[in-house]
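For reference, the structure I am asking about is given below.
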Amino acid sequence: MIGRMAAAFAAGLMLATPVLAADPPAEIKIGTLYASSGRYASISMPVHSALKLWVEQKNAEGGVYVKAFDKKVPIKLVAYDDQSNTATASTLYNQLITQDKVDLLVADSGSVLTAPAVAIARDHKMFLFDQTGTGASFFSKDNPYIALMADPVSTIWPKPVADFLTHDGPALGIKKIALLYSTNEFTGTQANAVRKFIKESGAPVEIVYDQGVPTETTNYTVIINNIRAKKPDAVIHLGYAPNDIAFLRNVNEVGVKFKWMFSIYAGLETELLEKNVGVKGLQYVYTYVPPSELDYPVNFGMKMPEFRALWNKTFPDGKVEFGFNAVAGYTTALVIEKTLSVATSLDQMELRRAVFSLSGQLKTLDGTFALDETGGQIGELTPLGQLVPNEHGHLKFVAVYPHEVATGKPVYPRP
Amino acid sequence: MSPEPTPILRAEGLVKRFGGFYALGGLTFHVAPGEILGLVGPNGSGKTTAINVISGLYAPDGGSVTFEGRAIGGLSSHRLVHLGINRTFQVPKPFLSLTVRQNIEVALAYGRSAAAPPSMESLLEEYRLADVADRPAQDLNNVQQKTLDLARALATGPRLLLLDELAAGLNPTELDWMAGRIKSLARSGMAIIVVEHLMGFIEQITDRVIVMNAGKEIFEGTLAVAVKVPEVIEVFLGGEHAA
Amino acid sequence: MPSAIRHLLFIVVPLLVVFAILPGVYENHLMLFNFVVFLILAQGVNVIYGFTGYLPFGYVGFFGSGAYGFAMMVMHAHASAPVAVIAAGLAGMLIGLLLTPLLRLSGAYFAIANLASSLAVLHFVANPALEDITRGPYGVSLTATFNPEAAYWAALVVLALTLGVVVYLKNSRFGLALQAVREDPVSAGMAGVNVVRMRVAAWLASALIAGLAGGVYAWYVSVFFPDNVFSGTFSIFAIVFALFGGVATIIGPIVGVLILYGVYNLIGFTTPQYFQLIYGLLIMGLVLFLPAGLVSLVTRRGRHVP
Amino acid sequence: MLVYALVAGLLFGLYFSLVGIGLNLVFGVMRIVNLAHGDFLMLGAFIAVGVSALAALDPLFAVPLAFVVFVLVGLVLYRLLVPRLQGSVNPEMLSIILFFGLSQVIEALTTIAFGTSERSIDSSELGAILAPLRTALFGGDADGPVELFGQSFPASWAISATVSVIAIGLVYVYLYRTRLGTLTRAVMSRRDEAFATGINVDRVSAAAFGIGLGLAAVAGVFAPFMFGSVTPAFGEDATVTSFAVVVLGSLGNPLGTALGGVVYGISYMLVQTYLSSWADLLPYVLLILILLLRPSGLLGRRVRVA
């Protein structure tokens, strides 16, 4: 009896002994979610695949360098499928924190699936690596446990679009603007921003059509006809990829010639849109110039051509689309890698400090990583560009605004 | 014969349409407390429709129904039950997944009978349901389900009882037993309307019959007289009354 | 001992005690919380489907309304969380009241109309025209009331109330009358039961339960979009869990949630790549081979299940 | 603007008649709520994408292929699922859950096989085989828009609407000019009595189920053109819209579905023109209103009130 008690006591002692800080763990655990099915699957899978690709690449090299232990440590990616279901997502985020005890917490893509993580991370004092959840409600001064990795916050993203129309537009003859957007957080916020920028500019341009349509909208024939009736010089369409596909197809099919037309995903997911809309429908469309076209000066991680080559090698079946979301996932991975290489411990507040210390310093294939004080992404801005066919009939990007990054002149009106 | 007591129920020119079809085309009759009235007639003559209108399943499209001097046309079933009217169904409609006891319990609890309702045990006993009291109603045979229908109706303490083809499917011994029960209910002062195809059973229990055809009454009196009226004979065409 | 006391003592109390102790033992509190939420919702479905036969395919409409009722009370009236939870219940009930005409429909028509109405409420709440009231599609963030621990206890209180309702229905003449209405509304009328009033009462009780659940959910998660709290999977899960256990019993929906949501989480933690496939097959198998729920394995042998 | 909205609504609506008609047939004959209807649409779309991508054929060739394949799939599924379902206590309610499970399985398998990206077909490919005919009849550009009432519309819309009209016409011929069709109508109007009169209800139902799925798949062939693109998750929204269309018309009446589709299409386009951000609310509000105000649908006679 006494012997048994002594044994139990000894076991208790052993449990109580703190792990020496210098002892490196066998692996760094990164926890994340993805949606393999449902409404958000098509944006979630490319982001997640990129993260996975990075993990495999690093582990093949023996792991990532972790400053806290001053050596390379392999990564273990703990990933669950939330099936685009937010109740499930919240359980799984909690599982990652409390059961799997991950060292780093990475959100699923998009605002809707990121939303449950914001409060949970804060509650558990875990720093949340927000990949593409741009929701303005996530970022506040009283919540230090979040930072946005890849997309710029929606409130500043469309600035180059509005600036082009107000600065260069009048000279080209653009006076009347039509604004059409899908009524969700992502594109609704961008529409509000565009409207605000245009009104505040005082430029002689006027918004003649300003309508939100439900995000589920997939046919625009009637709306296009209504826009045409207002005779706008420029049409801004802000929607998700399926909205852009349907809108651009309908414009083409109805045979309407808008003189100037902007769409988000023509640039962000060019390959996807080219497959679905065709080259003809995308010609001379204005869009955000994605990092993949700009060849940003990189001071960390793969450059765009290398990344694309690796992607195509890893996912040859084309089931996961290469594009902006894939770059976003890889950018998150790079921020994580760099953070681990500068953080002096794996304490969550130290991770935050490390992430914020990268702001303005880290230059990846996605541009310059820059955060505002609430953790919102204000770097990685995308210039305004135009898709112009080259002599082989392929589309290439011509950046037109801001002027300092411009690679050509805008073609107006759209031929 | 004693002078007729004041009728408890009066139907005057009752009309019920289904689309363009007149299921009741101005039916007029009455029934008194303690009386057993038979409604007879060929299929489709409107007997069951009459019961359905009186028990509140359908609202009448014309005419009037009064119960104890009060107009009741269009009232919902549960209100009529609370006033003292109840019925059984041609195809019994018990609450299948509830036990026999629970079936009766619902009616005892919600029937709000003015008179003191019979007790659960006496109903189970008198209607030969005691042995199956705790079985779900779906386990009962057709005859048991019919008596359960009746027991449930009685649990609400009705003063007017409408019986829709209660006798169909009963064997001769059961018929006699049922006839006895109905007669004793009438003796207690209950007015009873019986819709029936079995003429023998009608003859055995009714004081008076109404012969219906095409939604109207064509004869009123005893069955013995009815079978001698040419119009009635023509309607039945030597049909069911011969049975 | 009257059976109501027995049910409370041997089913309700142990369940509540277990869920009160678990957070101290098991750290994934959100999973426990979701278990509690689904226990509430499955019992809410039980109240309306088990006792009256109306399949609430858009049950999440009440849940989402409750969540937004909570959010609006906190955002506009600066109410404290418990007050806002009560308001959430009333919001669910208000939607229930608006939808009472649906009870005129029967069978699949009711289910479809209810589904449509939940989607209508979603698109209404999420419309940018209502940005000043509901924040439209931009989502709400309720940092002022953020307190997951308190929200968990509130959820247990709501669960206790809900189970109280079900125990009452199981042991009262009111519950018996409801079942009579479900079995045969015409006969129920002939038993003196006011069919319309009964259905409306059960409907509103069920809406209240879902509204309260939505309120505590909003309290716990604190940051959400319309798509989060009006997600159709809440309806589907609640219905499937209740059916799997067996409706019109107290224990059926409880067993259904514990087993099926447990399995769901297990699949999610172990084989996420086939999550949807396995779950879909499970649901199909349930309907084909066990349509009356787990309790039917016992009742088939003639035994009574509370 | 008004004329444009009306004509677009007509084309769009005729297509939605085709989307809904299979669902109508299945529910009308079997009282089965096929919640996987939209998923069969989605599968039809993937067949079209496959035909276009692999064989480089006009997607119109996918129409007979999709129909035949899914009639066969329907017959097999019928044998596997329906007899067991009909044997349960409440097949109508349980069918909702069973087919929800099936829709999950279909979505999961499609995702595993094809991934989650949007897929589509170039609009100019649809009806390419008819191009000479079209230039001969209408003149003009072979892959440009079509002119109707002096306004231009996508050619693919006109083709989809035309095929829809033909398909609905064939369904009409089936129901009113063939023996099996006549029996089908008998089963629709009086299922119980159809059993009693010795109609082989099982055979009639199996045929209706097969044809119902076949029609859904045919509608799916045009989905990439009408909806821009499709993903495996496309089915859910399509199912709810189909219900709105079917209920708007009336059950058991193919002409009713045609009318329901057109009413839906035109009102959708009108709302989109004048109140665009509320367009989503429309199908649900229409569905609820029709169920409550005219429970039998615009052309129906059947009573569906409890």
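Order of writing sets the labels: A, B, C and D. Residues in every chain begin at 1.
Here is the rule we go by: contacts are C-beta pairs under 8 Å (C-beta built on N, C-alpha and C of every residue); 3 or more make two chains touch, one makes a residue touch a chain.
The model shown is predicted, which means the values in this text are computed figures rather than measured ones.
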item: Separation of chain B from chain A in steps, with touching chains one step apart; value: 2
item: Set of chains whose contacts include both chain D and chain C; value: A
item: Most widely separated chain from chain C, with each centre as the mean of CA atoms; value: B
item: Comparison of A-C and B-C by number of C-beta pairs in contact, larger one; value: A-C
item: Chain nearest the global centroid, as defined over all protein CA atoms shown; value: C
item: Intercentroid distance (Cα basis), chain D paired with chain A, Å; value: 36
item: Distance between chain centroids, defined by C-alpha means - chain B, chain C (Å); value: 43
item: Distance between the centres, which are taken as Cα means, of chain D and chain B, whole angstrom; value: 49
item: Overlap residues in chain C, where contacts from two or more other chains coincide; value: 123, 127-128, 275-276
item: Residue list for chain D, restricted to those that touch at least two other chains; value: 107-108, 111, 277, 280
item: Sequence positions of chain A contacting 2 or more other chains; value: 36-37, 39, 183, 212, 214
item: In contact (per the touch rule at the top): chain pairs; value: A-C, A-D, B-C, C-D
item: Contacting residues of chain D [partner chain A, same complex]; value: 1, 4-5, 8-9, 12, 107-108, 111, 114-120, 122-124, 144-145, 151-157, 226-229, 231-233, 237, 269, 272-273, 276-277, 279-280
item: Contacting residues of chain B [partner chain C, same complex]; value: 55-57, 76-78, 81-82, 86-87, 89, 93-98, 102-103, 105-107, 109-112, 149, 152-153, 155-156
item: Residues of chain A that touch chain D when the two form their complex; value: 36-39, 41-42, 44-45, 84, 183, 211-214, 216-219, 221-223, 225-226, 229, 241-243, 245-247, 249-250, 252-255, 272, 275-278, 317-321
item: Chain C to chain B touching residues, read off their complex; value: 173, 176-177, 179-180, 183-184, 186-196, 248
item: Residue numbers on chain D that touch chain C, as the complex places them; value: 27, 31, 33, 81, 84-85, 88-90, 92-98, 100-109, 111-112, 236, 240, 243-244, 247, 277-278, 280-281, 283-285, 287-288, 291-292, 295, 304-306
